Every structure is written in C-alpha cells, then in structure tokens.
Amino acid sequence: MTAYLQFDQVSKHFSGVRALAGVSFDAHAGTVHGLLGENGAGKSTLLKILGGQYRPDGGRLLVNSVPCQFNSAADAIRAGIAVIHQELQYVPELTVTENILMGRFPARFGLIDRNKARRMVLQRLSEIGVDLDPDARLSHLSIAQRQMVEICKAVMQNAQIIAFDEPTSSLSYTESEILFRLVRELRSTGHTLIYISHRLEELYSLCDACTIFRDGRKIVTHPVMAQVPRETLIHDMVGRELSDIYGYRPRPLGAQRLQVRGLRGKNDPTGCNFSVRGAEIVGFFGLVGAGRSELMRLLYGADRRLAGSVLLDGVPVPANSPPAAIEAGILLCPEDRKEQGILAQASVAENINISCRRHDLRVGFFLRRNKEAARADFFIDRLRIKTPNRDQEIRFLSGGNQQKVILARWLAESTMKVLILDEPTRGIDVGAKNEIYRIIQEVAEQGCCVIVVSSELPEVLGIADRVLVMRNKEISGVLDRSEATETAVLNLALAA
Amino acid sequence: MLKQFQTLAVQTMNSSHSSDPNPEHDMRVHSSEQPFVPADKQRRWLVEYSMPIGYAVLFILLSFTVENFFSTTNIIGLMLSVAQIGMVACTMMLCLASRDFDLSVGSTIAFAGVLGAIILEQTHSVALTVIGGLLAGALIGAGNGVLIAYLRVNALIATLATMLMVRGLAFIVSHGQAVGIANEDFISFGDTRLLGLPLPILVTAACFVVFGVLLNHTVFGRNTLAIGGNPEAARLAGVKVERLRVWIFLLQGLITAMAGLILASRITSGQPNAAQGFELDVISACVLGGVSLQGGKARIFGVLIGVLIMGTLENVMNLMDVDAFYQYLMRGLILLIAVLLDQLKTTAHRI
Amino acid sequence: MLKQFQTLAVQTMNSSHSSDPNPEHDMRVHSSEQPFVPADKQRRWLVEYSMPIGYAVLFILLSFTVENFFSTTNIIGLMLSVAQIGMVACTMMLCLASRDFDLSVGSTIAFAGVLGAIILEQTHSVALTVIGGLLAGALIGAGNGVLIAYLRVNALIATLATMLMVRGLAFIVSHGQAVGIANEDFISFGDTRLLGLPLPILVTAACFVVFGVLLNHTVFGRNTLAIGGNPEAARLAGVKVERLRVWIFLLQGLITAMAGLILASRITSGQPNAAQGFELDVISACVLGGVSLQGGKARIFGVLIGVLIMGTLENVMNLMDVDAFYQYLMRGLILLIAVLLDQLKTTAHRI
Amino acid sequence: AEPQKPGEPIKIGFLVKQAEEPWFQDEWRFAEQAAREKGFTLIKIGTPNGEKMMAAIDNLAAQKAQGFVICAPDVKLGVAIERAAMRNSLKVMAVDDQLIDASGKPVTSIPYMGISGGDIGRQVGQGLISAMKERGWQPSEVGALRMAFDQLPTARERTMGAAEVLKAAGVPSANIIDASQGKSDTESAFNAANIAFTKQAHFKHWLVFGMNDEAVLGAVRAAESHGLKSDSLIGIGIGGSKTAQNEFAKPMITGFYGTVLISPKRHGYETALNMYKWIVDNQQPVAVTLTAGTLMTRVNQAAVRAANGL
C-alpha cells in the first residue's frame, strides 16, 4: 500500500537556524499519524510547509504519489489539505460564521447568502457537538472556543488531509473529548490525519503511527505506536530518561497567606472565596469557560473588580492594577501567550527581563545589560529554550519555546509571594515540563503560594497539594491531594 | 457525514461522568449560562445606535437654537459641502478597514479635476473627460495598491509619495494655473437638480448605498475586514490578500477621481492646489464614524454620521459667524467631544 | 524568593563554559548545534547597517556630482534646515514606538514660538520666556497623553483636535500677527556658534544622544517599546501603561516647544502660522528611518538617517535648481526609492 | 435685480481666501467699521479652497444675505462664483484679486476693487532699483533673489513683476536667482534662501523680493548667517504687515529695507460700503477700481501708516 501523503527529504532553514534537515516519512489514508518532539524540533515548520505557508529549501511533498509544490496557502487548500495551526489564525472582529467560511463564502454574484452561511455553520457545529453562537464575534469567545472555531473551519474545507498542530493545548476536557471523537470519525471516513501533541496519553489513544523529531531530524517512525513503550518515546524525544515527570515532593505547609473573599467581576453571579497557605501548590481545574482565568485576572487586578477583597498576609491588595499587585508580590503568568504574553518584536532576553529588571537597575533608571544577559542565558539554559541566541526576536521561536520564555519572565521574579500560572505548560514538551514542575516546587518550598490553573487533568493531579474545581464561575469543590482522583475532580467539574 | 457526533458527544459525557441524567445539560457550557438579560439587550441597542441617536439629538437641538439652520437651502448646502468628503470616505473606509491608509486622495482630486479640465479644453467631449479623469484616478489607486500590497512599502510612505507626485503632476500639466471650464454640459452636472436635490448629493448617497452593500453583503467586503483584522489568517484561509488590496486602492482612486471631476464641475475649473488637507478630513470622518485605524472594523452608517458631523460643525459655525481663529478652537473641541462621547459608550460596553 | 536564580545564573555562566561534567551541559541545544556561518553573519551586518551605508554612499556620490554640495556652509545649512525636524523626530520616535501618533507638533511649534515672543515682549526675561514656552508645550503634550491614555480617545483624532485647538490659540493670542523679538540674548541663541556649529544643530545632536540612550538603555525606553509591541502583555507584566504614555506625550510636547522657541529665535519672531504640515514631515522621517507605525520597533540611528535623507533631498534639489513643480515629483519619487530599497533588505531578511 | 424690500435686515458676506493672514484680518476689521456705521450685519467666512468657497456661498444664502464681497482662493473661480451668486440671487463684488473666466478674461459682471499683482511687483522692483542706485551698486554686479512660491499664481505674478523691472534696469537675467520655498512660511524661505546664498557666494550685494513680508524676512535672516548685513542687502516685501513693522522696530537696521504697503482700509471699508449701497439704493459699483501700494520703509513708516488710516 502506498502512502497518501509522503514527505521526501524535506529541509528548511531560517537565517541561522536549521528547522528541518532532510525529513522523510509516509502517512497513510485512514490513519492518524502522530508527530512528537521537543519544542523547536521542527514539527510546526513541517506543517507550515504542508499548508503552503513556507516553501521547503529542499526535498518534496507527494500527495497520492503526485509531487506537489505549493506557492500559497490557497494552493494547499486546493490540493485538499487543511491545517489547524498552532498559533490560532482567526479574525477577532468577525463572527464565528465569517471566520469559519472565510475564503469560501456561499455567494451569488459576490453577494453573500447570509442565511445559507449561517445554516451551514450551525449544522456543522452541531454535528461536531460544539455549542456556539454562529453570530458571536471571536473576540468575545474564550481561547478554547476560538480553537473549536479553528477546528470547525478546517473540517469544513472538505480536505482529504487534515493536520492538527497541538489542538488540545488550549482545550479543556469537554472540548478535547469532542475533538477526539471528531478525529476518530475522520479517520474512519478515510482521511489522512497528522496530529501533533505533547500529551502522550492522547497520542497513545488516538494515533496509529508516529514519527519522532529531534533538532529538525527524524529520529524514527513507528508504524504501530501502541507497541512502543512510553519510556522509549520520551528517550527518543528528549535524549534522556525521565521517570516521574511530576516529581512531587510533599513539603510542610505554612500559615494562610492569601485570602480571597467574595471576589466578583463582571460575569460572575456570585463571588469566589478561597485561601492558599504558604508553600502550598493549589491546582485549579474546570471545563472551558468555568471562569478560572477570569478569577485569576480579577485577583491580579487585570480586570475590574466589582466586589470582594484580596488579602495577602492580612494586608489588602489594591484592586484593578497589575503593577500594584506585582508590587504586593502577586504575579500572574497569563494563559494566552500570543495576546497577553509575548512582545513579538522584542528579543528573548527582553521578554524575560521586562518585569523583573526593576530589581536590578542602575541609578533607578538605567539597565544593567550584563545582569540581564546573564539572567536570560540562565533561563535559556535551564528551561532549554531553543534559540540561536538571547537576541533572537521571540516571534521566530517555536510555540513551546515562546511559552518557556514567558514562564521564565515570571520565574525570574525575586520578590514573589503568590505565583499564579494560568495554563503554564501549554504546548511544552515533556522534558521541559519536568523542569517547570521542579521549579514550581522550588518556589513553593520557599514559602510562596503557587496557583496553577490547568486544563490538563493529570498535571493538576500530579503537582497540586490541593485541587479547587470551578464550574459555572463558582468554586464547586475543594479536594485534598489524597482525595483528588480523576473521577472525583470531573464529577465536580461537570455535576449540576 | 458527521451527524452522529452530537449523540456521540452526549454519550461520552454520560459515560465518563455519569452523575448527570440530563445529557444536553453538560454540553452547553456557554450560552445557557450567560443569558442576555433584556436590560442588557436594550443597552446594547443603545450602544449600537448611540452615534445616529446622538447626531439626531444634536440636529434637533441645532434646528431650534441656530437661526436659519433648519431650512431646505441650508440642509442642501450642508450636504453639498460634504459631498466630496462623503464619496471618498466610502472607499477610505474600506482602505482603513483593511489596515491601510491613503494620504493621496487630496492630490488625486486636484489632478483628476485639472486633467479633466484640460481634456475638456482640448476635445470638448464630456465623455472623454470623464473617462480620462476616472482612468487616471484608477491608475493612481492601482499604483498605490501595487506598491503597498506587492512591493510591501509602508502605506503611509507610499501614499505620501504618491500624494507629492500626483500634486506635482497636477501643477506640471496645468503649469500651476487653474484650468477654466467653459462647457455648459459639464458645468451643469454640478448644479442640476433631481427630485429637488443637486446631483452631487445624489451621487454621494448612491456611494453610501453601494459601498454599504459591498461592505456588509459581499465576499469582497467581508474579506476586506478579514485582511484588516488578521492578514495572516485571511491568507491562510485562501483569501488573495494582495489582489484584494490592489482592488481596494483602485476603487479608492476611481471614486476619488469622480469626486475630483464633480468638484471641477461645481467650481467650473480644475484647480491644481485644490483639496489640500482633504485626506485628513476624510480619515477623520471615518475614524469619527468608528472605523478603526488598526483595521478590521468598519460601519458604513458610522461613516455617514462622521461625515455629517464634520459638515454640520462647519456649517453651524459659519451660520453663527464664529470668528475664524475661534473656529479652529471649536472644531478641535467638538471633534474631541464627539469621540469622547463615543468613547464613553465603548468603555461602558467593555466593562 | 528564588534569590538563588541570580547566583545560579552566575554559576551556570561560569561552569558551562569550562568543561564540566554537569549533565545539564548537553542540554544546551542552542548555539553549539546551529552555528552561524560567517557569510550569514556578514549579510546580517549588511542588512543591519544598510541604511547608514546607503546614505553614506549617496552622500559621497552627491559630493562629487552636485556642485557646492560638499562645503562647510552647505552642510551646515543642510543640518540647520532639519534641526527642528530632528529634535521632534526624537520624541516622535518614542510616540510611534508606543503605537501612538501625534499630529499636534506643528501647531505646538507655532504656539510655543508665539507665546515665547509675547512673554519676551512683556517681561524682557529670557528665562521666563523659555520656562513659559516649555511649560506650555509640556502641558499640551500631557493633555494629549491624558486624552489618549486615560480617556482612551483615538490618538489620531485626539491629536488632530489639539492640532486645531493649539493652532487656534496661537492665532488668538497673537491676533494672527507675527510677534517680533528684539531681545539680542534670545536672538543670538539661533546663530551663536560653538566649535563651528550653530547651537540649534548642537541641540539637535544632543537630542539624538539623549533619546538614543533613553530608548536603548533605560526602563523608560524599553517599556515604551513594550507597550507599543503588545500593550496588554506590557500591562500584565507590570508596566504602568497609562502613566508611561502620558510621559511620552509630555516629553514630545516639551521638545516640540523647545524646537518652537529655537525657531522663533532663528526667525526673530513668533509666527502663528509657522510649521504647517510639519507633523507629516516628522512622521515621514521616522517611518523612513524604520520606525514602525504598528509600534514596538524603533531605532534612533534610523531616525537620524531618515531626517538626513529628507534634508539632503530638499537641499540637493534646490542646489540643482529643480523647478518647484518637479520638486514635488522628485520628492515623492525619492521617498519611494528610499523605502523600496529599505524594503528589499527586509524582504531578503525575512525569507 | 429687484430693489431691497424694506424692513428686512441687511446682511453682507465678506469671504476671504486666507483668514489667518493678517491682511485679511485688517480687511475684515475695516469692513466691520462700515457695518457699524451703516447698521448692517457682516458675515465673515474664510474660504481656503474652491470647495469651502462654494459651501460658504450656500451658507450665505441660507442666512438670507443679500450680497457678498469676495477674495477668492483662485481667480479662475470667477464663473463658479458668478453662477452660485446668480443661483442664490446674491450680489457679488470681488476684492484684492480680479476674477477671470475660463478664457482668462475678467468677469465683467462682477465689480472689482483691488490691486494688480504685477503692478505691486513692479513697485517693489522700482523700490529696489532706487535703493540700489542710492548706494551706488552696479546693476551687473548685484545678485537678485526671487523668493519663488510659484504654486500660488498671485505670488508668481508679483515676483515676476519685480523681476521684470530689475531686468529693465540692467540687472542681467543670469543674476536673478530663484529660491523655491516649499511652503509660504518664514522657515521655508530661510532654508531656500540659505542654499541660494551658499551657491552664489560670489555676489557681494543682494536685492531680495518675494510674495510677502514673511518670504523676504526668511531670506534676510539667511543672509545674516552668511555675513550679509544691511550694508550689502536690500530686501523689500509686500503687505506692510506686523512682520515688517517688527523689523523696523529693531534698534539695529537690518537688511529688511522696506515693504510695499497696500491699504486694507480701502479694500475692506469701501467694498463693504459699495455693496451696501448696491443693495439698498440699487447703485451698482464701478466695474474696476484699482488701488496702489505705497513703499514703506523704516524712515517713513509712521507717515505712511497714518495716511492709510492704520
């Protein structure tokens, strides 16, 4: 049987960076082919070549044994290829319908048939099992909902080849399940699917075959993924053994430090109450739109507080001002790295130092270049951020590496008392996750309160001392580490 | 093909977290939980239409307080005074919506007028005049488009350059002198009336209708907003971004040339230094009407209101005989008040 | 907390460069595995410095081909002609870098000059004149900043409004008449020479140095770029976005007022209609120098070159006696060529 | 035209092309004086371009004015003004610049009072020549700097008029140097003149003229930075504005020798008055009234200004 999609010695260089070096592998119709590899291994670059966004420097691409050369995304779409990119590509001011049908509106003489468009989208959305208002603007949706729109957009292209680049990184449990069903359905109807993820569990449950990348090279293709042990995969990916990636170490908890009382923002019907002890790691779990991110932004002062108070060590934290929160020792690493995190045109070093540099300025005003450089290099090294140097603009880094840089920005803070990480390991490879969990523990060990918001259930269970579950903008339950099982948490997240 | 998903999804929910007997409940995490209360709906409506309502209130107020304001002559005069700005604002809206910028419109108005007058002088043919003028405008626009879309020159600089070059051309072809127009047919276009309204006003009205439909009901319009909102996303969705941008500029050039010809007919001459500073007026009207300079946002109705506000302002100040120096002050102040009011609304909307 | 990061950082620096058995060492995926080939480095260097190199080449070429170009008098004249643009371009750079926009600088120049001249006329005190002028500028700037940062008025409209209002004020306080300056101390500032260079040129040079340092070596500068690149991210990273923006505009007002006073001293009078269209010249110079209108990108060196290109262009055309009408054409053309060349470079860089 | 109905208030428009220019401020001031004396309402509108001018005429009609005086942004707007006035049954009179039609002939139906750009220019030229002769400079040795702003037709007419006289008096054409101002302000004039002085460093004596006082002032300042002081430079402007008076008020004599003053009083007061009489008594003004300028220097300034009612 010949493969439906073949990569033949595909290479790609960016100025000074080798992203892909002669990669070859085949993907077959009616299968899901997983791509694995560390951050910056070249996975997304490969999909961008597949989607016609980049042209390869060398090698070629065969679809159904026919060599293809794409000069634009439109060419790839015409060849029956749909790609769901890692960095979501939507138009914030347009509606769900308009985003999904962009480039292919049903129209007569250029006039859009709005009703038909709306019907088409509504039908497909409900077929997939997503409940979304087709007239809502994307800017009003949560990231997870935007991600579902992207998926729907790709599916509606009627492509034979569909590639997913870390689709679950911004989905929570329910949507992920919907997505998995969708992927299996597409497989059963004979589509060729490429699937990138850093979550081994989902790769095992979805993929038939898989290919592992490292530093732009293909390490190995496993025709039957199920037969490959987890350890082998991890070793091939990161080049070393990792036994327990969470590395949880119990530690003595301190006194109550952070107290949140009746905190309420625009969308909350009631206020939220909770508290965190010193040295404690609290995990927040919930389904999409459960209101976790909103709560954290309120706590941090990024959104308008309507009622309630936040006390840190008994002292009230001023509302509505992130700088004041930072002053008080509360830090928030936001969930949306593209919109709220990266300074796209600034260097890696700049992105790391932007906030914490205020501690080591010269004469209160001038920068200390070498100190900042040393700090940047330290984190590049410790988080294994793949970049040619600290002066590279962050937008040229792979998604996972950008996430690491943003994390480094917050981990570099030396005066933190409360560290809030919203979806911190989104898109990060196993090796680096392990490192991040270790740092989180270190931070906690020094008496900080750590709050980790995550939609990855194993992660929450793996690192938290206590799990708070949110549902419908309220905290629906609190579970100690010993009580927090998958079922218990999900019951709280879903129950009426 | 995927029809069974809904049910499948429901099954998953039930099987994996069985406690809920109501299958539909789980899936609808959003809308059901964020219902719009009627009060909210009313407020949204108010917010949506605050600009036209605001303008209507202003209009009524002025009718009662400013002598001679509410009279046919004056209203027609008012509309005539913004006819050119109105036409060009329609295409400028598209241009801004696609995250571009066009400073060359003032020069194009002048050039089209001068060129038209010269052609008319030479050939005495109105048809050739119109064709020549429009063609020149379309070419200028397309040139801008190619520079910006294909050669990726910054729109500000590119259109600043064409602004200078086209103005230069207008001076060169006319030797710096206004070119008189004697042809009655051509001149009469500027003051002929249909249904009591001068033709230029009707043309402007037609522009608003056509470009309103174009923006809201055609692929062209939606794609324009898409490339303004996120060009990369539009490209990845298969939109021919470059071609579209050239078309937008071409249209802009065409309509601007038309405005230039109409102006020439109204003032019975082609003036090489006409319409200086026109570009800022047009862009201001658009921005006042809620078009975002960051692209991706446009409303034809807003632009209409923006244009009317600009015209009313000028008109009322002249009716009230405001001193020329204080007119500057007032214009600035009222511009500020207009956007501040508009701003209050969006802030209210956001929080 | 986590104070050891600092120490750790230093350790890592030391250890990783010695041949230690530290297992972390192998993990350094970056530099070692992706070496920069020298050719690439050279090209990057060329790309980085293409603008200054290009300007240098142009300068040498002109020195040989255009009579009178390369003479002390002419070069000083050239620099003098862009002294005002240069000063204001420094702060405009910051303004654009933070994704803002300022159209009010031309009016502020005029107003500061007129106000200064009036104060001088009344008090005969140079100190009061300077203080008064600068204060007015700072107030105008701060006003812009508050409107834009706190009241969230669109920068284009806000500064267009102040542009109108301030121009109006300039006319009102001077009754539309030039205000003469007779004070020798004040006038001498405009033509005193130090080290052979007129003071205005030295002031401009100082501005470039100060704002270069400000941009690249201070928190202020870095945060300015940050809020331009991604305001939301900057806010979440603890940057006091609103306050910073007000400061940027305040500085802009201050420096612009200084430019206005210097201009008044050079032309020995405060002219209420001075510097019309100045804002576009300044913004063009910045954009020509690679400052992005989308914010987040600025280079002081680029701005300097942008300003010099603008000045040289004008200077050479006058030296070569280019006809006034053709000057428009040439200015547009050369502007285009300059950005096109610059564009080629970034395209080369991108692919 | 039908005679004025009794009882209706009389309103007269006064439209000028550049309201910010001191000249027009003065003109308006004197027109106001006529309005006060005769008890009519004066409506002042600035109309920087053809479009604004058309709007202003419509606006006058809406205010039920009976007539207007205009200095149009461009003289070729004659026909448009004629038609707009007729459409709105308004009486119209031109001031300062005479209106012409498509073929360049004066629009005879519109009475005119004002100056001829060429004549004023020639007056400047004569002033320069006599001052030059007084100092004993040879026409063949002086440089004559024409501050050119040719985008503006009247500016061109004026400077060309001056140049004409200089040539006739023996200044070689080659000695007449153009300095093109990008804008019509002092700084642009400064920069343009600066280059000219750099290029033509061989001239030891200079004559400077331009479209207005600001242009000449810029050139004088530029000359000073080239070491050319009042003893080697004669500049004569046009207008007699505050800019010129400021120069005359300086303790030290500068290169700004004089200016040709035109009388805003006659233009403002008399035109408004004539229009009033036309409306009320149906007394049509004379078709053309030309006013002349007066050369005003540091020495005779007080007398000249007084003679013009300033």
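Lettered A, B, C and D in written order, each chain numbered from 1.
Assume contacts are C-beta pairs under 8 Å (C-beta built on N, C-alpha and C of every residue); 3 or more make two chains touch, one makes a residue touch a chain.
In this text the structure is predicted, and so the values were computed from the model without any measurement.
Q: Show which chains lie in contact with chain A and also with chain C.
A: The common neighbours are B.
Q: Considering A-B alongside C-D, which chain pair is linked by more C-beta pairs in contact?
A: Here the pair linked by more C-beta pairs in contact is A-B.
Q: With chain centres taken as the means of their Cα atoms, state the distance from chain B to chain C in Å.
A: 31
Q: Round to the nearest whole Å and give the separation of the Cα centres of chain C and chain D.
A: It comes to 37 Å between the two C-alpha centres.
Q: Starting from the mean Cα coordinates of chain B and chain D, work out the distance between those two points in Å.
A: Taking the average C-alpha coordinate of chain B and of chain D, the gap between them is 38 Å.
Q: If you look at chain D, which of its residues touch at least two other chains?
A: Where chain D meets two or more other chains at a single residue, that happens at 20, 150-151.
Q: So which bits of chain C are touching at least two other chains?
A: In chain C, residues 171, 176, 324-325, 327 touch at least two other chains, as defined above.
Q: Which chain A residues touch at least two other chains?
A: Counting only residues that touch two or more other chains, chain A contributes none.
Q: Each pair of chains that touch: what are they?
A: A-B, A-C, B-C, B-D, C-D
Q: Over in the complex, which chain C residues touch chain B? Could you list them?
A: 103, 147, 151-154, 156-158, 160-169, 171-172, 176, 280, 283-284, 287-288, 293, 324-333, 335-336, 339-340, 343, 347
Q: Touching chain D in the complex: which residues of chain B?
A: 67-69, 71, 73-74, 76-77, 80-81, 84, 121, 171, 176-182, 187, 191, 263, 266-269, 271-276, 314-315, 318-319, 321, 323-325, 327
Q: With touch defined as at the start, can you tell me which chain A residues reach chain C in the complex?
A: Result: residues 15-18, 38, 40, 215, 239, 300, 302, 322-323, 326, 332, 334, 339-346, 350, 354-355, 357-358, 361, 365-367, 369, 374-375, 377-378, 380-382, 384-389, 409, 411-417, 442-443, 446-448 of chain A touch chain C.
Q: Provide the residue numbers of chain A that touch chain B in the complex, in ascending order.
A: 51, 53, 72-74, 77, 83, 85, 89-94, 98-99, 102-105, 107, 110-112, 114, 124, 126-129, 131-133, 145, 153, 155, 174, 177-178, 181-182, 185, 189, 266-267, 287-290, 304, 472-473, 487, 490-491, 493-496
Q: Chain A touches which residues of chain C in the complex?
A: Touching chain A from chain C are residues 1-3, 5-6, 8-10, 12-13, 16, 24, 26-31, 33-34, 36, 40, 44, 217-220, 222-223, 225-226, 229-230, 232-240, 292, 296-297, 349.
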